[in-house]
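Take a look at this one; I'll ask things after.
Letters A, B, C and D mark the chains in the order given here, with residues in each chain numbered from 1 onward.
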Amino acid sequence: MNSEIARLFWSFSPFIIMLFIIGLYCIFVTFNLIRVLVGVEVLMKAATLLVIVAGAATGHIALAQVIVVTLIVIEVVVITIAAGVVIGIWRHNNSLDTRKIRQINDEGISDE
Amino acid sequence: MNIMLFLPIIVPFVSGGVVLLVPNRLPVLQKAITIVATALNLALAIFLFKQNVSCSLPWIGFGIDFALRVYHFSAFIILACSCFGFLIAIYSSFFIQKNFRANQFFSYFLITIAFTNGAVLADNLLLMFFFWEGLLLVLFGMIALGRPGAFKTAMKAFIIVAITDLCMMIGIAIVSRLSGTFIISKINLPPSAAGSVAFVLLAIGAISKAGSMPFHSWIPDAALDAPLLFVAFVPAALEKLLGIYFLARISLDMFQLSAHSFLNTSLMVIGSVTILLAVMMALIQKNYKKLLAYHAVSQVGYMILGIGTAVPAGIIGGLFHMVNNAIYKSGLFLTAGSVERQTGTTDLEELGGLGRKMPITFICFLIAAASISGVPPFNGFFSKELVYEGALKRGFLFYAIAATGSFFTAASFLKLGHAAFLGKVPPKYEHTKEAPLAMLIPMAIIAFFCVFFGLCNSFALQKLIQPVLHQANFHAAEFEGFKVNAKLTAVTLIILFAALANHFFGFRMRGKAIAAADHIHHAPVLSFFYAKAQEKWFDPYDIGLRIVNMAAGFAFRVDRAIDWLYEILIVKVTGFFSGTMKRLHTGNYGTYLFWSLIGLAFVIIFLSRSL
Amino acid sequence: MLLSLLILIPLFSVLVLNLPPLLRRAKVSFYCALCFTLAQIALVFFCVFNPQSIVVNPFGSLLELDLSADSISFVVLLSIGITGFITLLVAKYFICEQQNEHNFVSVLFLALAGLNGIVLTSDIFTLYVFLEIAAAASFVLIVINRKKNALEAAFKYIVLSILATTMMLSSIALFLFIAGNTHFASIRAAFNYSSHDFLLILASGLFICGAFIKAGVVPFHGWLPEAYSESPAPVTVFLAGIVTKTLGIYTLIRIVNSVFGFLPAINNLLLFAGAVTITLGALGALAQNDFKRILAYSSISQIGYIVLALGSGTALGLSAALFHFFNHSIFKALLFVNSAATEAQTKTRNVEAMGGLQAKMPATAFTSVIASLSAAGVPPLAGFWSKLMIVIALVASGHPLYALVAVLASVLTLAYLLSLQRRVFFGTLNADCAQVVEARAGLVFAAVLLALITVGAGVFFPFVLNTFILPIEKIFAG
Amino acid sequence: MIVNSILLIALLCVALWAVMTRSLLRSAIALAIVSAVLTMLMFRLHSPLAAVFELSVCAGLIPVVFVSAITLTQPLSTKEVLQHMRERLTRFWYLPFIIVSSGIIFTFIHLSSKMPLPGAEVDKDVRILLWNIRPLDLIGQILILLIGAFGILIIFKEKKENE
């Protein structure tokens, strides 16, 4: 593996890391369930970019494309299911507030 | 021939399975199967006695075979176990009450015999451990069969024994690593640090099986809660034989211990502490069975002390005491059984004057009690003298403790006998009758053995103990008869008289036989410790429970603390970034995410440091 | 390859069962699924005894799938078959609506296909694809009854799971960069020649963490207690019995064995994580009052044992890990079946509100005692052997301290399981439970079946060992 | 390399906007733009197939999922949103074409800029790779799409009954 290949990879990597941080930041900070899914999307975008860059940098771009295609299908389904779950929660709570989903029956110490 | 070795395991196990299927409507059939199976087992044990064969079948691979071996020692233990099994089976034919899950009891009883035989015969450490742990399961079942509250006791016993068995598991793993084999007869480890650890772990398993302190605390509870036959058979006889057998195996064959090593000394310390503390507890008991149970613990101390001395007299004494103790202790429990069956109680406050109503039981009790107190010429006397002699060679302190134990033993049995069998008959028990014949015969046989092993101790030593020690170049013949140290005998006699005097002193003072030991109970310093002991302050199991509860509570608070820390931390960080405190918050999943990211960081750091 | 049927049959059954409206019947699909799980068990036994038949391709050159199966796969495939069967038995009583039951069976089919795919593939990206399939199917299964708590638990599970996904995906991308391929063998080779030390560490660490999240190893375990306790009963059996284990533990075993090849650094990491997980899981279980939560924490603790065994880095450790994998999926499924039975009969999960049920539900009580004893490692039950193997493996590989942790924690296991038994089945009968009767026949059947497997695998351990466990030693890649 | 850098910085900015903006609807639109920028980057990195796929699914389908989730949960009336979307569709129908063609142009830009990508040789055709070497991934795609279908069926059934 020559250094030129590595350079492409390394030049992309700070941006990918930043993208990861943005996604995680979003998940951590928000109150809103849908906003959490936005953060998740950003994370997935970062991962997709990482795969493509890795493929391009090593010349296995075909393999990387196959991976990305499959990845996108999975991403859509998972996000759809997650959105469905969010809507389900909204129907019960009538709110998208993450604070409302802390469960009441949290672990408690037994009286013994 | 080789197949004969499997029969002592298979016969009781299969018949145990059969008994389980017999409904409780047919008690006669259950008892018949049990008696026949134990008789067969006895016959097999007699046949195997004096044989020296081994065989093995391929088992689970990794060089672990189903290897069995019978030789002098194991044959002798098996013979003793099957004798007791047979006697208890006869005794039980009258003892089992109605509404009792008798099929389970008999089934567990037979399976216990099968597993004990297996553990004794096994020539492979893992196979032995398999049977050893299996015994735990039946132990649990048998205790849980007792009166309604017995489940708690069963659990206590289970956990205590399980912990020590797990220690044994590690010990076995270390031994196999050091010696490269699981075959017991091939293991002979020279002294080493890892070897010492392994020895300690295995010894913990052995002495806890034998019921020594600090692993004893379930036995007194079980005496009250569990079925009496179980107590008479398992903790009183079987487990002593098995535990001391294994202790002797590891300290004589498997490890080369130097005579005055730290390990031997610590065994002696455990032995003497057990003798003293357990007997002190026994002294103040007001219940027939519980008093006996504490003695069952105390007597183990003599055996461990004897084996720990590592001098010929002590080892021979310890092994001899193991046999004698099994005899008189199960005899004593059987007398308790008779009393319980005829009067319905074992509370000493209520009993009295039964000697006239139940003369044969009384005589058997007298013999066994004399034996356990070490009155010449009963068997207990000879084995105790040997242990004393061994202990004296290793230090006066050990001897003094053992002798003190003897004093308290005698005192407590004087109290017990006086309270239960002498004095006035309470009006309730005016019409008490002697126990049925099938219960008297086993007691009589046991009493006979007490006398026989005492008077003909040379027979017992030569035929039973000597073959065990042939490798060690000991000569049991040297210790026959009254050739033991005359001074020691004199001291023993003095101690016995002192106990008698003490009893009459207490009796005079309080005017009641049952209160004859109260002046010791209420002595200035002792009363404090007694009170604490009654509150289970010294029970390792209860201490353990408290610690575990505390740890669980602590873990719970740490959990909360992380939660709290996280909220504060995230609030600060995000406040720094966005300037708005309100937008900050997470549900619980945020905490989990946070943990996961911390974990990720940890993993990466861990890997990059060590790669 | 013959085993490709295990992926393709569920796919086609779902298509066939849903396309014509006539066949959209819960009963038809239910019995189809039942037959499939039994066929899977039979197929595994067939392949174990006829190893040459594994390479037979039923489709000829029409469809060639890149699958491989070895002794590790067989153990896991067997567990999948058994747990799937039990899940279906339990589901009969807990998924009320007809149409929902049909959908449940369809998703279960897809989940089984996903699990089988995980086990059979030998490519790290395909592994990830099937991982997502099984995970997505389990999200849907958790919310099948659209209960509030289940939805919330599912949301947390999804978020954590997506984090795991992202980690694994990044790691796959890094492996692609380092090795130029995603096949196990090429990545393995890259470990020998590659100069990207830091990237290798990063990639391995990310993948291991992803697997840890999916398996619920402490401190990645947060989602697990809630997801287990709030799912409908059959889904809990399925999740606890096999899904998290295949998703997390099997993946970990496969990657450690086939890709990392038991590097010392990774072994140490696994040992440490395993010990922490065992202890904290057991302590967590001690403090609970909810039947299913106790079992969930117990699952965490038992998963720690498997990780610990794997960390010993020896052939025996690998075998022990796999055997404990099998045992745990059996006895934990059994305990969850019992919890389902008591929940159905008493309408509560709070163990304080139960008590003395042994008199009312003897079969449930008996089987749950067997499961607890197996979990605590009492012979001759199967759990004894796996724990013994774990301890021996740890000591033999020179980690006596970890062996001590394993042994001490097994005391804790004993403590919380026996206290659970005491509070639920023994003791005095709770007044509220006076009207309780034994659970439905199907539940009792499932429980007894699992108990028989536990006892059978212990008593006939030599057979199990020679058939399934010993071959694992041969493929040990340390 | 400069083009790449500009695209990457744009990607970051849009992502940050998606995360920071107060309106959920805007956030969803920003996500679509993130996908579009990513598509261009993919063209730059010689992966046109993946790029088109990303554009059609991630920039097309996922915003729909988000927007429907937002409409179902927010007091915005359905009609309003539909109106909004229709407007957008009619107004920006040419956007995908622009993105694709600009992507292709970008591909050529780097060819002329004498700075070829190191691993530019395309070893295999993507379709052949997917069909012949990795059919398992295809099966996986079918399986997960089925799961998605059932998921929607299960979660939204109640809604159907209500209406």
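Annotations
Definition applied: contacts are C-beta pairs under 8 Å (C-beta built on N, C-alpha and C of every residue); 3 or more make two chains touch, one makes a residue touch a chain.
Note that the structure is a prediction, hence the values are computed from the model and not measured.
Any chain touching subunit B that also touches subunit D appears here: A, C. Ranking A-D and A-B by contacting C-beta pairs places A-D first. With centres defined as mean CA coordinates, subunit D is found 14 Å away from subunit A.
Between subunit A and subunit B, the centres computed from C-alpha atoms are 60 Å apart.
Rounded to whole angstrom units, the spacing between the C-alpha centres of subunit B and subunit C is 40. We define each chain's centre as the mean of its Cα atoms; on that basis subunit A and subunit C are separated by 25 Å. Within subunit D, contacts with two or more other chains are made by residues 134, 137, 140-141, 144, 147-148, 151, 155, 158. Shown for subunit B are the residues that touch two or more other chains, namely 549, 552-553, 556, 587-589, 593.
For subunit C, the set of residues that touch two or more other chains comprises 125, 129, 132, 136, 139-140, 143, 146, 155-156, 159, 163, 284, 286-287, 419.
Applying the touch definition to every pair of chains gives A-B, A-C, A-D, B-C, C-D.
Against subunit B, the residues of subunit A that register as touching in their complex are 24-25, 27-31, 98-99, 101-103, 106-107, 109, 112.
Across the complex, subunit C meets subunit A through its residues 125, 129, 132, 136, 139-140, 143, 146, 148-149, 151-156, 158-159, 162-163, 165-166, 169-170, 172-174, 176-177, 180-182, 194-196, 225-226, 230, 284, 286-290, 293, 352, 419. The residues of subunit D lying in touch with subunit A in their complex are 1, 4, 8-9, 11-12, 15-16, 18-19, 24, 27-28, 31, 34-35, 38, 41-42, 45-47, 49-50, 53-54, 57-58, 61-62, 65-66, 68-70, 72-73, 117-126, 129-130, 134, 137, 140-141, 144-145, 147-148, 151-152, 155-156, 158. Chain contact summary for the complex, subunit C toward subunit B: residues 155-156, 159-160, 163-164, 167, 197-198, 200-202, 204-206, 208-209, 212-213, 219-220, 222-223, 263-266, 268-269, 272, 280, 283-284, 286-287, 316, 373, 376, 378-380, 384, 388, 391-392, 394-396, 400, 403-404, 407-408, 410-412, 414-415, 418-419, 422, 426-427, 461-462, 465-466, 470. Subunit A meets subunit D in the complex at residues 2, 4-5, 8, 11-12, 15, 18-19, 22-23, 25-26, 32, 34-35, 37-39, 41-42, 45, 48-49, 52-53, 55-66, 68-70, 72-77, 79-81, 83-88, 90-91, 96.
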